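Each chain carries a letter (A, B, C and D) given by its place in the written order, and its residues are counted from 1.
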Amino acid sequence: MEKILMKGNEAISEAAIQAGCKYFFGYPITPQNEIPAYMSKHMPKAGGTYLQAESEVAAINMVYGAAGSGARVMTSSSSPGISLKQEGISYIAGAQLPCVIVNIQRSGPGLGGILPSQADYFQAVKGGGHGDYQLFVYAPATVQEAVSLTMEAFDVADMYRMPVMILGDGILGQMMEPVDFTPPKKRELPEKDWATTGNDGSRDNNVINSLYIQAGPLYQRTLDLYAKYEEIKKNETRYGLYNTENAEIILTAYGSSARICKSVIDSLKEEGIEVGMIRPITVWPFPYDIYDEYASMDHIKRFLTVEMSMGQMIEDVKLGVNGKKPVEFFGRTGGKVPTVKEIKEKVMEMIQEVRA
Amino acid sequence: MEKILMKGNEAISEAAIQAGCKYFFGYPITPQNEIPAYMSKHMPKAGGTYLQAESEVAAINMVYGAAGSGARVMTSSSSPGISLKQEGISYIAGAQLPCVIVNIQRSGPGLGGILPSQADYFQAVKGGGHGDYQLFVYAPATVQEAVSLTMEAFDVADMYRMPVMILGDGILGQMMEPVDFTPPKKRELPEKDWATTGNDGSRDNNVINSLYIQAGPLYQRTLDLYAKYEEIKKNETRYGLYNTENAEIILTAYGSSARICKSVIDSLKEEGIEVGMIRPITVWPFPYDIYDEYASMDHIKRFLTVEMSMGQMIEDVKLGVNGKKPVEFFGRTGGKVPTVKEIKEKVMEMIQEVRA
Amino acid sequence: MEKILMKGNEAISEAAIQAGCKYFFGYPITPQNEIPAYMSKHMPKAGGTYLQAESEVAAINMVYGAAGSGARVMTSSSSPGISLKQEGISYIAGAQLPCVIVNIQRSGPGLGGILPSQADYFQAVKGGGHGDYQLFVYAPATVQEAVSLTMEAFDVADMYRMPVMILGDGILGQMMEPVDFTPPKKRELPEKDWATTGNDGSRDNNVINSLYIQAGPLYQRTLDLYAKYEEIKKNETRYGLYNTENAEIILTAYGSSARICKSVIDSLKEEGIEVGMIRPITVWPFPYDIYDEYASMDHIKRFLTVEMSMGQMIEDVKLGVNGKKPVEFFGRTGGKVPTVKEIKEKVMEMIQEVRA
Amino acid sequence: MEKILMKGNEAISEAAIQAGCKYFFGYPITPQNEIPAYMSKHMPKAGGTYLQAESEVAAINMVYGAAGSGARVMTSSSSPGISLKQEGISYIAGAQLPCVIVNIQRSGPGLGGILPSQADYFQAVKGGGHGDYQLFVYAPATVQEAVSLTMEAFDVADMYRMPVMILGDGILGQMMEPVDFTPPKKRELPEKDWATTGNDGSRDNNVINSLYIQAGPLYQRTLDLYAKYEEIKKNETRYGLYNTENAEIILTAYGSSARICKSVIDSLKEEGIEVGMIRPITVWPFPYDIYDEYASMDHIKRFLTVEMSMGQMIEDVKLGVNGKKPVEFFGRTGGKVPTVKEIKEKVMEMIQEVRA
């Protein structure tokens, strides 16, 4: 398939359209505005609907409505806008509806700045909203991966009836790379017999709801939800390994940070130093097992988590490593991006300590 | 000081007024409605202002405004309402403003039910909003503790210029217990020379803001924030220990769940079985060190985290224990409350495995 | 064309679809809920979009957006909801955009009641919003007329680039009558070369705006608007006459009230008393001239305005009659509908005075 | 009493505070921003509350709430903001609550411009909201009159339990003139025994409501409302006369336009031409009777209505004159202010026709 050069935000948009997304509801915020711009132009041509809502709160509730009717629907925003959507996201998760939510992270907290960040990791994977629920979260590191995972996100959402987040950042959103739109491997998707598509009287009414008057049914709903989550952990956890065979130190990073870590590893390799990387592609479900596995290897001495935050994914890394090896942190935040040089220095310090 | 019998929600309200709270902005939701009801009645008498806003989003932004003027201000809500406030909370944290936020948790996700729950733990301590920030979170287990911690919350908020959450649940909110309103130990509080109280020209303007155009200052602001958080971890971390000296198993629970665990421990003690409890009083800062300390003791074989959720605080417990001992989970959620009998059975299973 | 039996609200909806309406934005309120219900079901089949907005304010601004793109768009509501739309309506009028707004009046002020009313006449014709502008307002008296005028409304809106209101009431909306959907007489409609449909660079950008920095251009815009209004008054003013030739008294009423007045006239005719009716079909432009004409006839002694209000259209009637004959009022409001018997009694009193 | 030099907007604000206004809810819009600015600064000092709401819709509903508790409350805005408040205004009128609403008109429709205008006359006096109701509307022409009428507005509101509007414009709001704050003549005001101030059980609950399930009570409420309006028309109608004794032509204008007309009259008098003015001070109740009286005088040949609009008050003038004399119009709008020269030319044309 021919490759074309596209900006991350536009590539995500086109991927959504090709995946059959028919509704897009949003509200503008930098650095994701290319997504609504692209959608407003191309959705009508694809027989879909683009609508700029009154606010992020309105937008996520429109997603709720459209998802309830069984349509493929997406919203996108950046950090503060995603915070405004937390109530709606919890409702969609509770009502077990499929949708795709894109967060092109900017730096926070508050209005923060429009520069890239990875400081919404906790919000994405620990549940920014209330109650027991999970988002499925893909963390693409390249524009091509953003395309593939966005397409797959719609399938995963439909398969498990849950909201799927694409967790990107301003670098990924603004960067241009060549991409193709090869569709993901075909999955057997369940029929949407739960959707509220109108009832001609031949069946009982479908009801989309997240309200429970009694504790029993709500507890059962939650158990069902978590049984599904267990199944997902088994089937959908995804990560990448890079130069891990002989590594003394395992770097770990996702998204744009992983690109930088790759350069660090290549650069150190030229100097004869073996450092590897575990790169979570799904940050929920998080690939705890691979950390446990590598933590148990003798040649691995330490782990270094690299994030554009003050340290968030490091908690999941520690939970995976579970005390078997030390886990250290290197981060830049507030719009600062960690440099290859800085990370190399940090790694070299660790190497020296380890070898001492 | 004389004790009076009060409902948790009303006691929290009265404690706020006695602590000098002058503004309350909210929006109704069960099971915390006694708080706005009490405030609407008593705030005007205390020379304060009660206002029901258009929505939770409006309410938290009014808190932002009032906090910026240096006034003591509070909002309260329950789970879905707290989700709606996430953007505002992140702004307040980013702008480094003091305020008190009460979450009387109901069961979720979505509308869920009005029965009690502890499923907003992640939201409270991992940052439900976007960006690098923390809430200070108290988790009272009795109405008296709710009173004392609410009063202290206003001092802590002013001392560190940050939002403080009272993380309660429907049981605590609805339960009646005798309380007194002894003020907390007097702290040396900094002057609010940053507040926007009007400027007669004798100084530069004070500006309340969370927007940064450049990465450098935003990074520095975030480093300052986290330096403050380190200081708080050192000075303000609080927990309770119960019957831990000879315990084989350490239960761990906060809030209403800790009350039930206490009954479990007492009941097992009568049967000659020694089980103890670590009860976090601050869930952020989380008392990781005490877990590390107990995990290192030989007589402690295992940990059991008890929550009204599908398992959230357990991650912090594991991070504290760091692989030194197994950490297990017992939970009920969706409005179900774990019973003494159920927990005892679970503990007895663990005891048998440990002794085997 | 075959006639089918339909409820007024549904007939208006179907008429809109047949007239090429492609977007419907609304928010529920009794007694017009059959309109959004019908639209939600039938719009998608017609290749259109139905969307329930966050509020009436959001809905009218979505109408503004869709109208700006040149699409045929409609909203409907009932009295309180129409009040919420006043800012948006003024914007649409100022930006000279075509759209159709249905008001199925309920009784007010405030929440009032869900029973029928004609108390929004002033709001509809004198400009409920701010600034110098007019709505074009049709006041249908039968379901068939509602159908025909709704279809025509889209043409009129496009022809003059202005919002057109269908001013109905709960009786008209809920009543079933046989209707056909014969399209209106074909008009030569101008091309929508002003619409913001995307610009491939081959022309200047189209801009939809109601903001003017300088007084000159805003004054000119307003003069243009009122030049257009003069043209409309000349070409589009419409009314019905009933039994006016030998009448001593002229009744005047619009919408449902006109149906009752017709019964009054028929009943009095059987008793040998000649009473006629002028029925405005467009309440803006108001048919002032026909009142002037009849007020100048010797056999006409008095006018009686019948409204489901405390007296609103009577001002326009008086402006038309201009002192030439007395104008009296009979009204019921608050959900009360004037009865044939009541009106006959009022007319008989007038007859006796006139003949005395 | 000593006079001080104040801007119209600030003088209105200070008058409100001196009249005992304790709550101000608003949302910013030019050209009335000096009012919220003044209120935010001075309200707290006066033991009152200033709050900037989420929107105009929120602000008017807060006014509704505060008015229901019996407090003196005010909001202010400019044209588009007043349109957004129409639903709330209708609710307040329906619930028979006292409050003061300031409209410092800008030019419309739509966003229009920030320059002065009188194009919201219809909205103010014919009911911009839905249903049968009236606002009491004062139209001050000087800053001193704005002060006096604002103070009186709070009394009138309390006396008749209805919303009172101060209808100003950008000229009045921005102009500086010397004012004193002499309180209005003391009125015997009824006790607010209907207010929802909390109930200790010694009386039935007070209920503030505008919803009626049945037509009967709603009709009766409306009849009561209009009986009150009749009483007001009798007691509160106010106007000014200027040089009317020997006038051939009667100019009529309110607010800023009346100031210009006064210059026209003075200038013509110097040239020996006698022209007078009727200046409505209350535009609702409108002083119809004085127009009827003057229209019946032989020396009066014609009326000329001067407005900063395309012609709105002229309808009320015509209703007063009722065909006895011709009524002509001179207007400028869109931010254009009619000049003395322009109006003189128009008057001279009329004089020539009349004398011909």
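Definition applied: a contact is a pair of C-beta atoms (placed from the backbone, for glycine too) under 8 Å apart; a residue touches a chain by one contact, two chains touch by 3 or more.
Nothing here was measured: the structure is a model prediction, and the numbers come from that model.
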item	value
Far-end chain from chain C, centres as C-alpha averages	B
Selected pair, greater C-beta contact count between A-B and B-D	A-B
Chain B and chain C: spacing of chain centres that average the CA atoms, whole Å	57
Distance from chain B to chain A - Cα centre to Cα centre, in angstrom	28
Rounded Å distance, chain B centre to chain D centre (Cα mean)	51
In chain A, residues with contacts to at least two other chains	57
Touching pairs - complete list by chain label	A-B, A-C, B-D, C-D
Chain C to chain A touching residues, read off their complex	41, 49, 51-55, 57-58, 61-62, 65, 198
Chain D - residues contacting chain C, complex	57, 79-84, 86-87, 89-95, 105, 107-113, 115, 117, 119-120, 122-123, 126-133, 209-222, 226, 309-310, 312, 315, 318-319, 322-324, 332-336
